[in-house]
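Before I ask anything, here is the structure I am working with.
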Amino acid sequence: MLTFVQVLDFIGTFAFAISGIRLASAKQFDWFGAYVVGLATAIGGGTIRDVLLDVTPGWMTDPIYLICTGLALFWVIAFGKYLIHMHNTFFLFDSIGLALFTVVGVGKSIALGYPFWVAIIMGSITGAAGGVLRDVFINEIPLIFRKEIYAMACVVGGLAYWICDLFGLEAFICQIIGGSTVFLARILAVKYSICLPILKGEQR
Amino acid sequence: MLTFVQVLDFIGTFAFAISGIRLASAKQFDWFGAYVVGLATAIGGGTIRDVLLDVTPGWMTDPIYLICTGLALFWVIAFGKYLIHMHNTFFLFDSIGLALFTVVGVGKSIALGYPFWVAIIMGSITGAAGGVLRDVFINEIPLIFRKEIYAMACVVGGLAYWICDLFGLEAFICQIIGGSTVFLARILAVKYSICLPILKGEQR
Amino acid sequence: MLTFVQVLDFIGTFAFAISGIRLASAKQFDWFGAYVVGLATAIGGGTIRDVLLDVTPGWMTDPIYLICTGLALFWVIAFGKYLIHMHNTFFLFDSIGLALFTVVGVGKSIALGYPFWVAIIMGSITGAAGGVLRDVFINEIPLIFRKEIYAMACVVGGLAYWICDLFGLEAFICQIIGGSTVFLARILAVKYSICLPILKGEQR
(Lines give C-alpha, C1' and ligand atoms only; values in the text may rest on other atoms or scores of the structure.)
Protein backbone atom coordinates (compact mmCIF):
# COMPACT_ATOMS: atom_id res chain seq x y z
CA MET A 1 0.00 0.00 0.00
CA LEU A 2 1.18 3.48 -0.82
CA THR A 3 1.93 5.72 2.11
CA PHE A 4 1.04 9.41 2.13
CA VAL A 5 4.73 10.33 1.78
CA GLN A 6 5.08 8.08 -1.27
CA VAL A 7 2.14 9.83 -2.91
CA LEU A 8 3.72 13.24 -2.23
CA ASP A 9 7.07 11.92 -3.54
CA PHE A 10 5.38 10.75 -6.73
CA ILE A 11 3.59 14.09 -7.20
CA GLY A 12 6.81 16.02 -6.61
CA THR A 13 8.88 13.85 -8.94
CA PHE A 14 6.21 14.12 -11.63
CA ALA A 15 6.04 17.91 -11.33
CA PHE A 16 9.83 18.32 -11.37
CA ALA A 17 10.14 16.03 -14.40
CA ILE A 18 7.38 17.95 -16.21
CA SER A 19 9.24 21.21 -15.56
CA GLY A 20 12.41 19.80 -17.12
CA ILE A 21 10.61 18.22 -20.08
CA ARG A 22 8.71 21.43 -20.90
CA LEU A 23 11.86 23.54 -20.94
CA ALA A 24 13.56 20.88 -23.08
CA SER A 25 10.65 20.96 -25.52
CA ALA A 26 11.05 24.73 -25.88
CA LYS A 27 14.63 24.03 -27.02
CA GLN A 28 13.63 21.41 -29.59
CA PHE A 29 15.13 18.47 -27.70
CA ASP A 30 14.22 15.00 -28.95
CA TRP A 31 12.30 12.56 -26.75
CA PHE A 32 15.45 11.08 -25.31
CA GLY A 33 16.95 14.47 -24.48
CA ALA A 34 13.70 15.61 -22.89
CA TYR A 35 13.57 12.44 -20.80
CA VAL A 36 17.13 12.97 -19.56
CA VAL A 37 16.49 16.62 -18.69
CA GLY A 38 13.25 15.64 -16.91
CA LEU A 39 15.07 12.94 -14.98
CA ALA A 40 17.93 15.26 -14.06
CA THR A 41 15.44 17.84 -12.77
CA ALA A 42 13.60 15.23 -10.72
CA ILE A 43 16.51 13.25 -9.25
CA GLY A 44 19.52 15.56 -9.75
CA GLY A 45 19.23 17.27 -6.37
CA GLY A 46 18.88 14.03 -4.45
CA THR A 47 21.76 12.49 -6.40
CA ILE A 48 24.16 15.35 -5.67
CA ARG A 49 23.13 15.20 -1.99
CA ASP A 50 23.71 11.45 -1.82
CA VAL A 51 27.11 11.71 -3.53
CA LEU A 52 28.13 14.37 -0.98
CA LEU A 53 26.78 12.27 1.90
CA ASP A 54 28.52 9.21 0.40
CA VAL A 55 25.40 7.01 0.26
CA THR A 56 23.84 5.23 -2.73
CA PRO A 57 21.61 7.63 -4.69
CA GLY A 58 17.95 6.90 -3.97
CA TRP A 59 16.94 6.36 -7.59
CA MET A 60 19.44 3.49 -7.90
CA THR A 61 17.47 1.47 -5.37
CA ASP A 62 13.96 1.96 -6.76
CA PRO A 63 12.92 2.33 -10.43
CA ILE A 64 9.87 4.44 -9.50
CA TYR A 65 11.66 7.70 -10.39
CA LEU A 66 12.51 6.45 -13.88
CA ILE A 67 8.94 5.26 -14.40
CA CYS A 68 7.50 8.49 -13.06
CA THR A 69 9.69 10.52 -15.45
CA GLY A 70 8.55 8.25 -18.29
CA LEU A 71 4.92 9.01 -17.41
CA ALA A 72 5.74 12.72 -17.35
CA LEU A 73 7.26 12.47 -20.84
CA PHE A 74 4.19 10.61 -22.09
CA TRP A 75 1.97 13.26 -20.49
CA VAL A 76 3.79 16.11 -22.28
CA ILE A 77 3.77 14.24 -25.62
CA ALA A 78 0.05 13.48 -25.32
CA PHE A 79 -1.31 16.57 -23.57
CA GLY A 80 1.44 19.12 -24.18
CA LYS A 81 -0.79 21.80 -25.65
CA TYR A 82 -3.14 21.74 -22.65
CA LEU A 83 -0.31 22.04 -20.14
CA ILE A 84 -0.32 25.81 -20.28
CA HIS A 85 -3.87 25.84 -18.90
CA MET A 86 -2.73 23.71 -15.98
CA HIS A 87 -0.14 26.21 -14.85
CA ASN A 88 -1.58 26.60 -11.35
CA THR A 89 -1.86 22.87 -10.80
CA PHE A 90 1.76 22.32 -11.72
CA PHE A 91 2.89 25.24 -9.62
CA LEU A 92 1.13 23.57 -6.70
CA PHE A 93 2.66 20.16 -7.46
CA ASP A 94 6.08 21.71 -7.86
CA SER A 95 5.78 23.41 -4.47
CA ILE A 96 4.71 20.12 -2.88
CA GLY A 97 7.80 18.49 -4.40
CA LEU A 98 10.05 21.29 -3.19
CA ALA A 99 8.70 20.97 0.36
CA LEU A 100 8.94 17.19 0.48
CA PHE A 101 12.39 16.97 -1.11
CA THR A 102 13.74 19.56 1.32
CA VAL A 103 12.41 17.73 4.34
CA VAL A 104 13.71 14.39 3.04
CA GLY A 105 17.15 15.94 2.48
CA VAL A 106 17.29 17.50 5.94
CA GLY A 107 16.04 14.32 7.60
CA LYS A 108 18.50 12.05 5.77
CA SER A 109 21.46 14.26 6.73
CA ILE A 110 20.41 14.41 10.39
CA ALA A 111 19.98 10.62 10.42
CA LEU A 112 23.57 10.29 9.14
CA GLY A 113 24.79 12.38 12.07
CA TYR A 114 25.53 15.68 10.33
CA PRO A 115 24.95 18.96 12.16
CA PHE A 116 21.90 21.05 11.25
CA TRP A 117 23.77 23.63 9.19
CA VAL A 118 24.93 20.84 6.86
CA ALA A 119 21.44 19.33 6.84
CA ILE A 120 19.83 22.62 5.77
CA ILE A 121 22.26 22.89 2.84
CA MET A 122 21.54 19.28 1.90
CA GLY A 123 17.80 19.97 2.09
CA SER A 124 18.23 22.96 -0.21
CA ILE A 125 20.39 20.94 -2.62
CA THR A 126 17.76 18.19 -2.68
CA GLY A 127 15.04 20.72 -3.48
CA ALA A 128 16.83 23.11 -5.80
CA ALA A 129 19.92 21.54 -7.42
CA GLY A 130 17.87 19.51 -9.90
CA GLY A 131 16.62 22.76 -11.39
CA VAL A 132 20.18 24.07 -11.66
CA LEU A 133 21.25 20.92 -13.50
CA ARG A 134 18.23 21.29 -15.80
CA ASP A 135 19.21 24.86 -16.68
CA VAL A 136 22.85 23.87 -17.29
CA PHE A 137 21.64 21.13 -19.68
CA ILE A 138 19.43 23.52 -21.66
CA ASN A 139 22.30 26.05 -21.62
CA GLU A 140 20.54 28.82 -19.68
CA ILE A 141 21.61 30.72 -16.59
CA PRO A 142 20.01 28.87 -13.65
CA LEU A 143 16.65 30.49 -12.99
CA ILE A 144 16.90 30.16 -9.23
CA PHE A 145 19.96 32.43 -9.16
CA ARG A 146 18.10 35.31 -10.74
CA LYS A 147 14.40 35.20 -10.02
CA GLU A 148 11.90 34.36 -7.35
CA ILE A 149 12.31 32.82 -3.96
CA TYR A 150 12.95 29.15 -4.59
CA ALA A 151 16.00 27.74 -2.85
CA MET A 152 15.53 30.40 -0.14
CA ALA A 153 12.20 28.69 0.68
CA CYS A 154 14.20 25.50 1.31
CA VAL A 155 16.61 27.37 3.58
CA VAL A 156 13.75 28.97 5.55
CA GLY A 157 11.98 25.60 5.87
CA GLY A 158 15.22 23.99 7.01
CA LEU A 159 15.62 26.66 9.67
CA ALA A 160 12.02 26.05 10.83
CA TYR A 161 12.84 22.32 11.07
CA TRP A 162 15.92 23.16 13.16
CA ILE A 163 14.05 25.49 15.51
CA CYS A 164 11.38 22.82 16.10
CA ASP A 165 14.15 20.36 16.86
CA LEU A 166 15.76 22.80 19.31
CA PHE A 167 12.40 23.00 21.10
CA GLY A 168 12.51 19.23 21.47
CA LEU A 169 9.60 18.47 19.18
CA GLU A 170 9.30 14.98 17.67
CA ALA A 171 10.98 14.36 14.28
CA PHE A 172 7.58 13.84 12.67
CA ILE A 173 6.30 17.23 13.85
CA CYS A 174 9.56 18.94 12.82
CA GLN A 175 9.11 17.52 9.32
CA ILE A 176 5.50 18.65 9.01
CA ILE A 177 6.35 22.18 10.15
CA GLY A 178 9.54 22.34 8.06
CA GLY A 179 7.76 21.14 4.92
CA SER A 180 4.78 23.45 5.44
CA THR A 181 7.15 26.37 5.84
CA VAL A 182 8.86 25.60 2.51
CA PHE A 183 5.45 25.25 0.84
CA LEU A 184 4.05 28.48 2.29
CA ALA A 185 7.24 30.48 1.70
CA ARG A 186 7.19 29.45 -1.96
CA ILE A 187 3.47 30.14 -2.45
CA LEU A 188 3.53 33.49 -0.67
CA ALA A 189 6.71 34.62 -2.45
CA VAL A 190 5.09 34.03 -5.84
CA LYS A 191 1.68 35.44 -4.84
CA TYR A 192 3.16 38.67 -3.48
CA SER A 193 6.12 38.79 -5.89
CA ILE A 194 8.59 38.74 -3.02
CA CYS A 195 12.13 38.45 -4.26
CA LEU A 196 15.66 39.05 -3.09
CA PRO A 197 17.56 42.20 -4.10
CA ILE A 198 19.61 42.01 -7.27
CA LEU A 199 23.31 42.35 -6.58
CA LYS A 200 24.83 45.44 -8.09
CA GLY A 201 28.59 45.47 -8.18
CA GLU A 202 30.87 47.74 -10.16
CA GLN A 203 29.87 48.74 -13.65
CA ARG A 204 31.39 46.73 -16.48
CA MET B 1 51.11 -7.80 -23.65
CA LEU B 2 48.10 -5.78 -24.72
CA THR B 3 44.78 -7.58 -24.76
CA PHE B 4 42.19 -7.03 -27.47
CA VAL B 5 39.97 -5.12 -25.01
CA GLN B 6 42.86 -2.81 -24.09
CA VAL B 7 43.39 -2.00 -27.77
CA LEU B 8 39.67 -1.20 -28.17
CA ASP B 9 39.79 0.89 -24.97
CA PHE B 10 42.75 2.86 -26.34
CA ILE B 11 41.02 3.41 -29.70
CA GLY B 12 37.82 4.55 -27.98
CA THR B 13 39.60 6.87 -25.56
CA PHE B 14 41.61 8.38 -28.41
CA ALA B 15 38.50 8.96 -30.55
CA PHE B 16 36.53 10.49 -27.66
CA ALA B 17 39.46 12.77 -26.75
CA ILE B 18 39.83 13.85 -30.41
CA SER B 19 36.12 14.76 -30.50
CA GLY B 20 36.51 16.97 -27.42
CA ILE B 21 39.74 18.57 -28.63
CA ARG B 22 38.30 19.37 -32.06
CA LEU B 23 35.25 21.09 -30.61
CA ALA B 24 37.50 22.99 -28.20
CA SER B 25 39.67 24.13 -31.11
CA ALA B 26 36.59 25.52 -32.87
CA LYS B 27 36.04 27.69 -29.77
CA GLN B 28 39.63 29.00 -29.66
CA PHE B 29 40.61 27.14 -26.52
CA ASP B 30 44.30 27.08 -25.65
CA TRP B 31 46.24 23.81 -25.48
CA PHE B 32 45.49 23.31 -21.82
CA GLY B 33 41.76 23.94 -22.26
CA ALA B 34 41.63 21.61 -25.24
CA TYR B 35 43.40 18.91 -23.24
CA VAL B 36 40.94 19.24 -20.36
CA VAL B 37 37.92 19.11 -22.69
CA GLY B 38 39.42 16.09 -24.48
CA LEU B 39 40.04 14.37 -21.15
CA ALA B 40 36.55 15.17 -19.88
CA THR B 41 35.05 13.71 -23.06
CA ALA B 42 37.13 10.56 -22.77
CA ILE B 43 36.88 9.83 -19.04
CA GLY B 44 33.90 11.95 -17.92
CA GLY B 45 31.30 9.24 -18.40
CA GLY B 46 33.30 6.60 -16.58
CA THR B 47 34.07 9.03 -13.77
CA ILE B 48 30.42 9.95 -13.19
CA ARG B 49 29.54 6.23 -13.25
CA ASP B 50 32.26 5.38 -10.73
CA VAL B 51 31.24 8.23 -8.41
CA LEU B 52 27.64 6.97 -8.50
CA LEU B 53 28.78 3.37 -7.93
CA ASP B 54 31.10 4.61 -5.15
CA VAL B 55 34.28 3.06 -6.54
CA THR B 56 37.60 4.74 -7.44
CA PRO B 57 37.40 6.26 -10.94
CA GLY B 58 39.30 4.08 -13.41
CA TRP B 59 41.62 6.83 -14.65
CA MET B 60 42.97 7.35 -11.11
CA THR B 61 44.46 3.85 -11.16
CA ASP B 62 46.14 3.91 -14.58
CA PRO B 63 47.74 6.91 -16.34
CA ILE B 64 47.00 5.46 -19.80
CA TYR B 65 43.95 7.72 -20.26
CA LEU B 66 45.97 10.86 -19.57
CA ILE B 67 48.69 9.71 -21.94
CA CYS B 68 46.17 8.77 -24.60
CA THR B 69 44.53 12.22 -24.36
CA GLY B 70 47.98 13.79 -24.62
CA LEU B 71 48.61 11.84 -27.83
CA ALA B 72 45.23 12.99 -29.15
CA LEU B 73 46.15 16.61 -28.45
CA PHE B 74 49.50 16.15 -30.20
CA TRP B 75 47.68 14.54 -33.14
CA VAL B 76 45.31 17.50 -33.53
CA ILE B 77 48.16 20.04 -33.19
CA ALA B 78 50.27 18.20 -35.76
CA PHE B 79 47.68 16.88 -38.22
CA GLY B 80 44.66 19.08 -37.46
CA LYS B 81 44.07 20.20 -41.01
CA TYR B 82 43.94 16.62 -42.32
CA LEU B 83 41.46 15.50 -39.68
CA ILE B 84 38.48 16.55 -41.73
CA HIS B 85 39.43 14.00 -44.39
CA MET B 86 39.48 11.28 -41.77
CA HIS B 87 35.89 11.85 -40.76
CA ASN B 88 34.81 8.27 -41.49
CA THR B 89 37.72 6.76 -39.60
CA PHE B 90 36.95 8.79 -36.51
CA PHE B 91 33.24 8.03 -36.74
CA LEU B 92 34.21 4.34 -36.73
CA PHE B 93 36.61 4.77 -33.78
CA ASP B 94 34.01 6.78 -31.89
CA SER B 95 31.42 4.03 -32.40
CA ILE B 96 33.93 1.42 -31.19
CA GLY B 97 34.50 3.53 -28.07
CA LEU B 98 30.77 3.95 -27.50
CA ALA B 99 30.21 0.19 -27.77
CA LEU B 100 33.12 -0.75 -25.50
CA PHE B 101 32.42 1.89 -22.85
CA THR B 102 28.76 0.85 -22.67
CA VAL B 103 29.63 -2.81 -22.19
CA VAL B 104 32.28 -1.97 -19.57
CA GLY B 105 29.74 0.19 -17.70
CA VAL B 106 27.05 -2.49 -17.75
CA GLY B 107 29.52 -5.21 -16.74
CA LYS B 108 31.00 -3.22 -13.86
CA SER B 109 27.54 -2.45 -12.43
CA ILE B 110 26.44 -6.08 -12.66
CA ALA B 111 29.66 -7.19 -10.97
CA LEU B 112 28.88 -4.78 -8.09
CA GLY B 113 25.50 -6.46 -7.64
CA TYR B 114 23.23 -3.82 -9.16
CA PRO B 115 20.09 -4.90 -11.05
CA PHE B 116 20.09 -4.70 -14.84
CA TRP B 117 18.01 -1.52 -15.10
CA VAL B 118 20.69 0.32 -13.10
CA ALA B 119 23.43 -1.33 -15.16
CA ILE B 120 21.88 -0.17 -18.44
CA ILE B 121 21.77 3.42 -17.16
CA MET B 122 25.38 3.12 -15.99
CA GLY B 123 26.37 1.76 -19.39
CA SER B 124 24.69 4.70 -21.10
CA ILE B 125 26.34 7.18 -18.71
CA THR B 126 29.73 5.58 -19.41
CA GLY B 127 29.19 5.92 -23.14
CA ALA B 128 27.40 9.24 -23.42
CA ALA B 129 27.97 11.45 -20.34
CA GLY B 130 31.49 12.44 -21.40
CA GLY B 131 30.00 14.10 -24.47
CA VAL B 132 27.51 15.97 -22.31
CA LEU B 133 30.32 17.25 -20.08
CA ARG B 134 32.25 18.30 -23.21
CA ASP B 135 29.29 20.30 -24.47
CA VAL B 136 28.75 21.96 -21.08
CA PHE B 137 32.43 22.99 -21.05
CA ILE B 138 32.25 24.52 -24.53
CA ASN B 139 28.95 26.16 -23.54
CA GLU B 140 26.71 24.46 -26.10
CA ILE B 141 23.48 22.54 -25.66
CA PRO B 142 24.49 18.86 -25.40
CA LEU B 143 24.37 17.42 -28.91
CA ILE B 144 23.04 14.04 -27.79
CA PHE B 145 19.86 15.68 -26.48
CA ARG B 146 18.95 17.10 -29.85
CA LYS B 147 20.37 15.04 -32.68
CA GLU B 148 21.06 11.53 -33.79
CA ILE B 149 20.79 8.26 -31.97
CA TYR B 150 23.73 8.18 -29.61
CA ALA B 151 22.85 7.39 -26.01
CA MET B 152 19.82 5.43 -27.30
CA ALA B 153 22.32 3.06 -28.96
CA CYS B 154 23.78 2.45 -25.49
CA VAL B 155 20.32 1.76 -24.07
CA VAL B 156 19.50 -0.66 -26.90
CA GLY B 157 22.86 -2.41 -26.47
CA GLY B 158 22.30 -2.64 -22.72
CA LEU B 159 18.92 -4.24 -23.32
CA ALA B 160 20.51 -6.75 -25.72
CA TYR B 161 23.07 -7.58 -23.00
CA TRP B 162 20.23 -8.10 -20.53
CA ILE B 163 18.22 -10.35 -22.86
CA CYS B 164 21.31 -12.50 -23.50
CA ASP B 165 21.78 -12.77 -19.75
CA LEU B 166 18.14 -13.78 -19.28
CA PHE B 167 18.73 -16.59 -21.79
CA GLY B 168 21.57 -17.79 -19.61
CA LEU B 169 24.38 -16.98 -22.04
CA GLU B 170 27.91 -16.58 -20.71
CA ALA B 171 29.04 -13.08 -19.64
CA PHE B 172 31.58 -13.01 -22.47
CA ILE B 173 28.92 -13.72 -25.11
CA CYS B 174 26.53 -11.17 -23.55
CA GLN B 175 29.27 -8.55 -23.84
CA ILE B 176 30.06 -9.34 -27.46
CA ILE B 177 26.38 -9.18 -28.44
CA GLY B 178 25.69 -6.08 -26.32
CA GLY B 179 28.67 -4.22 -27.73
CA SER B 180 27.91 -5.23 -31.32
CA THR B 181 24.35 -4.00 -30.86
CA VAL B 182 25.56 -0.58 -29.70
CA PHE B 183 27.98 -0.41 -32.62
CA LEU B 184 25.41 -1.45 -35.23
CA ALA B 185 22.64 0.75 -33.80
CA ARG B 186 24.94 3.75 -33.99
CA ILE B 187 26.21 2.99 -37.52
CA LEU B 188 22.74 2.22 -38.91
CA ALA B 189 21.17 5.27 -37.25
CA VAL B 190 23.70 7.56 -38.91
CA LYS B 191 23.65 5.75 -42.28
CA TYR B 192 19.86 5.86 -42.54
CA SER B 193 19.42 9.16 -40.65
CA ILE B 194 17.25 7.49 -38.05
CA CYS B 195 16.44 9.84 -35.20
CA LEU B 196 13.95 10.24 -32.40
CA PRO B 197 10.99 12.61 -32.75
CA ILE B 198 11.52 16.16 -31.56
CA LEU B 199 9.36 17.00 -28.56
CA LYS B 200 6.81 19.67 -29.27
CA GLY B 201 5.20 21.15 -26.22
CA GLU B 202 3.19 24.32 -25.92
CA GLN B 203 4.22 27.34 -27.95
CA ARG B 204 6.27 29.92 -26.11
CA MET C 1 44.55 30.44 17.91
CA LEU C 2 44.67 30.79 14.16
CA THR C 3 47.58 29.16 12.42
CA PHE C 4 49.36 30.77 9.47
CA VAL C 5 47.81 28.19 7.10
CA GLN C 6 44.31 28.99 8.40
CA VAL C 7 44.89 32.67 7.68
CA LEU C 8 46.03 31.84 4.13
CA ASP C 9 43.01 29.54 3.72
CA PHE C 10 40.69 32.33 4.82
CA ILE C 11 42.31 34.84 2.45
CA GLY C 12 42.11 32.39 -0.45
CA THR C 13 38.48 31.43 0.22
CA PHE C 14 37.53 35.09 0.53
CA ALA C 15 39.27 36.00 -2.75
CA PHE C 16 37.75 33.06 -4.64
CA ALA C 17 34.26 33.87 -3.29
CA ILE C 18 34.68 37.54 -4.27
CA SER C 19 35.61 36.49 -7.81
CA GLY C 20 32.42 34.41 -8.10
CA ILE C 21 30.19 37.08 -6.54
CA ARG C 22 31.54 39.82 -8.82
CA LEU C 23 30.91 37.80 -11.97
CA ALA C 24 27.42 36.94 -10.68
CA SER C 25 26.72 40.62 -10.07
CA ALA C 26 27.65 41.40 -13.68
CA LYS C 27 24.89 38.95 -14.70
CA GLN C 28 22.23 40.49 -12.45
CA PHE C 29 22.06 37.58 -10.03
CA ASP C 30 20.14 38.14 -6.81
CA TRP C 31 21.88 37.92 -3.41
CA PHE C 32 21.16 34.23 -3.06
CA GLY C 33 22.44 33.40 -6.54
CA ALA C 34 25.57 35.47 -5.97
CA TYR C 35 26.18 33.68 -2.67
CA VAL C 36 25.84 30.26 -4.32
CA VAL C 37 28.18 31.20 -7.18
CA GLY C 38 30.70 32.62 -4.67
CA LEU C 39 30.48 29.45 -2.59
CA ALA C 40 30.85 27.21 -5.64
CA THR C 41 33.95 29.15 -6.71
CA ALA C 42 35.48 28.90 -3.24
CA ILE C 43 34.67 25.28 -2.33
CA GLY C 44 33.82 23.70 -5.71
CA GLY C 45 37.34 22.52 -6.48
CA GLY C 46 37.87 20.97 -3.07
CA THR C 47 34.45 19.32 -3.20
CA ILE C 48 35.07 17.69 -6.58
CA ARG C 49 38.48 16.52 -5.33
CA ASP C 50 36.99 15.04 -2.15
CA VAL C 51 34.19 13.29 -4.07
CA LEU C 52 36.82 11.74 -6.38
CA LEU C 53 38.99 10.77 -3.41
CA ASP C 54 35.89 9.44 -1.62
CA VAL C 55 36.31 11.48 1.55
CA THR C 56 33.88 13.92 3.20
CA PRO C 57 34.13 17.35 1.55
CA GLY C 58 36.03 19.74 3.82
CA TRP C 59 33.29 22.38 3.99
CA MET C 60 30.90 19.82 5.51
CA THR C 61 33.09 19.57 8.60
CA ASP C 62 33.66 23.27 9.28
CA PRO C 63 31.23 26.17 8.65
CA ILE C 64 34.10 28.63 8.16
CA TYR C 65 33.80 28.46 4.34
CA LEU C 66 30.11 29.35 4.45
CA ILE C 67 30.79 32.22 6.84
CA CYS C 68 33.71 33.45 4.78
CA THR C 69 31.54 33.46 1.63
CA GLY C 70 28.87 35.36 3.57
CA LEU C 71 31.45 38.00 4.51
CA ALA C 72 32.52 38.21 0.86
CA LEU C 73 28.91 38.80 -0.19
CA PHE C 74 28.52 41.49 2.47
CA TRP C 75 31.77 43.06 1.26
CA VAL C 76 30.57 43.25 -2.35
CA ILE C 77 27.15 44.62 -1.30
CA ALA C 78 28.73 47.27 0.92
CA PHE C 79 31.90 48.18 -0.97
CA GLY C 80 31.15 46.91 -4.46
CA LYS C 81 31.89 50.15 -6.24
CA TYR C 82 35.35 50.43 -4.68
CA LEU C 83 36.31 46.87 -5.60
CA ILE C 84 37.59 47.86 -9.01
CA HIS C 85 40.28 49.99 -7.36
CA MET C 86 41.43 47.00 -5.35
CA HIS C 87 42.15 44.92 -8.41
CA ASN C 88 45.80 44.29 -7.50
CA THR C 89 44.98 43.31 -3.93
CA PHE C 90 42.45 40.75 -5.07
CA PHE C 91 44.77 39.40 -7.74
CA LEU C 92 47.32 38.84 -4.96
CA PHE C 93 44.75 37.20 -2.67
CA ASP C 94 43.50 35.03 -5.52
CA SER C 95 47.06 33.85 -6.26
CA ILE C 96 47.60 33.06 -2.58
CA GLY C 97 44.41 31.00 -2.64
CA LEU C 98 45.46 29.20 -5.81
CA ALA C 99 48.85 28.32 -4.30
CA LEU C 100 47.45 27.13 -0.98
CA PHE C 101 44.55 25.15 -2.47
CA THR C 102 46.92 23.38 -4.86
CA VAL C 103 49.31 22.38 -2.09
CA VAL C 104 46.42 21.22 0.12
CA GLY C 105 45.05 19.12 -2.76
CA VAL C 106 48.40 17.52 -3.53
CA GLY C 107 49.14 16.85 0.14
CA LYS C 108 45.72 15.32 0.84
CA SER C 109 46.04 12.94 -2.14
CA ILE C 110 49.56 11.85 -1.14
CA ALA C 111 48.37 11.27 2.43
CA LEU C 112 45.63 8.98 1.05
CA GLY C 113 48.27 6.92 -0.75
CA TYR C 114 47.74 8.07 -4.33
CA PRO C 115 50.71 8.37 -6.69
CA PHE C 116 52.06 11.82 -7.52
CA TRP C 117 50.50 12.05 -10.99
CA VAL C 118 47.06 11.69 -9.39
CA ALA C 119 48.01 14.15 -6.65
CA ILE C 120 49.04 16.81 -9.18
CA ILE C 121 45.69 16.48 -10.96
CA MET C 122 43.89 16.69 -7.60
CA GLY C 123 45.91 19.78 -6.70
CA SER C 124 44.95 21.40 -9.99
CA ILE C 125 41.29 20.45 -9.51
CA THR C 126 41.37 21.95 -6.01
CA GLY C 127 42.81 25.19 -7.35
CA ALA C 128 41.02 25.58 -10.64
CA ALA C 129 37.77 23.56 -10.78
CA GLY C 130 35.85 26.06 -8.62
CA GLY C 131 36.38 28.67 -11.33
CA VAL C 132 35.09 26.25 -13.97
CA LEU C 133 31.96 25.61 -11.91
CA ARG C 134 31.52 29.38 -11.50
CA ASP C 135 31.68 29.92 -15.25
CA VAL C 136 29.23 27.08 -15.93
CA PHE C 137 26.79 28.66 -13.46
CA ILE C 138 27.01 32.08 -15.10
CA ASN C 139 26.73 30.35 -18.51
CA GLU C 140 30.10 31.41 -19.92
CA ILE C 141 32.89 29.36 -21.45
CA PRO C 142 35.31 28.62 -18.60
CA LEU C 143 37.92 31.37 -18.59
CA ILE C 144 40.78 29.07 -17.65
CA PHE C 145 40.32 27.11 -20.89
CA ARG C 146 40.92 30.16 -23.04
CA LYS C 147 43.07 32.72 -21.31
CA GLU C 148 46.06 33.11 -19.07
CA ILE C 149 48.11 30.58 -17.19
CA TYR C 150 45.95 29.53 -14.29
CA ALA C 151 45.54 25.78 -13.89
CA MET C 152 48.94 25.35 -15.58
CA ALA C 153 50.43 27.18 -12.56
CA CYS C 154 48.91 24.46 -10.37
CA VAL C 155 50.41 21.74 -12.57
CA VAL C 156 53.86 23.38 -12.49
CA GLY C 157 53.65 23.81 -8.70
CA GLY C 158 52.57 20.19 -8.33
CA LEU C 159 55.58 19.09 -10.37
CA ALA C 160 57.88 21.22 -8.14
CA TYR C 161 56.34 19.52 -5.09
CA TRP C 162 57.04 16.13 -6.68
CA ILE C 163 60.64 16.94 -7.55
CA CYS C 164 61.29 18.13 -3.98
CA ASP C 165 59.81 14.88 -2.73
CA LEU C 166 62.03 12.86 -5.08
CA PHE C 167 65.03 14.66 -3.58
CA GLY C 168 63.89 13.46 -0.18
CA LEU C 169 62.98 16.87 1.24
CA GLU C 170 60.60 17.09 4.18
CA ALA C 171 56.85 17.39 3.42
CA PHE C 172 56.81 20.87 4.92
CA ILE C 173 59.60 22.09 2.62
CA CYS C 174 57.96 20.43 -0.41
CA GLN C 175 54.77 22.32 0.37
CA ILE C 176 56.50 25.68 0.73
CA ILE C 177 58.36 25.24 -2.54
CA GLY C 178 55.31 23.83 -4.37
CA GLY C 179 53.07 26.66 -3.20
CA SER C 180 55.65 29.34 -3.97
CA THR C 181 56.02 27.91 -7.47
CA VAL C 182 52.26 28.15 -8.10
CA PHE C 183 52.24 31.70 -6.76
CA LEU C 184 55.23 32.85 -8.81
CA ALA C 185 54.10 31.08 -11.99
CA ARG C 186 50.74 32.84 -11.74
CA ILE C 187 52.21 36.27 -10.97
CA LEU C 188 54.89 36.06 -13.67
CA ALA C 189 52.46 34.74 -16.28
CA VAL C 190 50.17 37.73 -15.75
CA LYS C 191 53.01 40.26 -15.46
CA TYR C 192 54.65 39.14 -18.69
CA SER C 193 51.44 38.08 -20.47
CA ILE C 194 52.69 34.54 -20.85
CA CYS C 195 50.01 32.26 -22.24
CA LEU C 196 49.67 28.94 -23.96
CA PRO C 197 49.16 28.71 -27.73
CA ILE C 198 45.59 28.70 -28.98
CA LEU C 199 44.65 25.42 -30.63
CA LYS C 200 43.89 25.76 -34.30
CA GLY C 201 42.21 22.77 -35.86
CA GLU C 202 40.45 22.58 -39.20
CA GLN C 203 38.38 25.52 -40.36
CA ARG C 204 34.66 25.29 -39.75
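Couple of notes before you dig in:
Per-chain numbering from 1; labels A, B and C assigned in written order.
Here is the rule we go by: contacts are C-beta pairs under 8 Å (C-beta built on N, C-alpha and C of every residue); 3 or more make two chains touch, one makes a residue touch a chain.
Predicted model, so just to flag it, every value in this text is computed and none were measured.
At the interface between chain A and chain C, under half of the residue numbers involved are used by both copies, so each side presents largely different positions. Rotation angle, chain A onto chain B, C-alpha superposition: 120 degrees, expressed as a multiple of 5. Centre to centre, using the average C-alpha position, chain A and chain C are separated by 30 Å.
The set of chain A residues touching two or more other chains comprises 51, 54, 136, 139.
Residues of chain B that touch chain A in their complex: 51-52, 54, 114, 117-118, 121, 132, 136, 139-142, 144-147, 151-152, 195-202, 204. Interface residues of chain A, counted against chain B in their complex, comprise 21-22, 24-34, 36-37, 47, 51, 54, 56-57, 60, 63, 66, 73, 76-77, 80-81, 83-84, 136-139.
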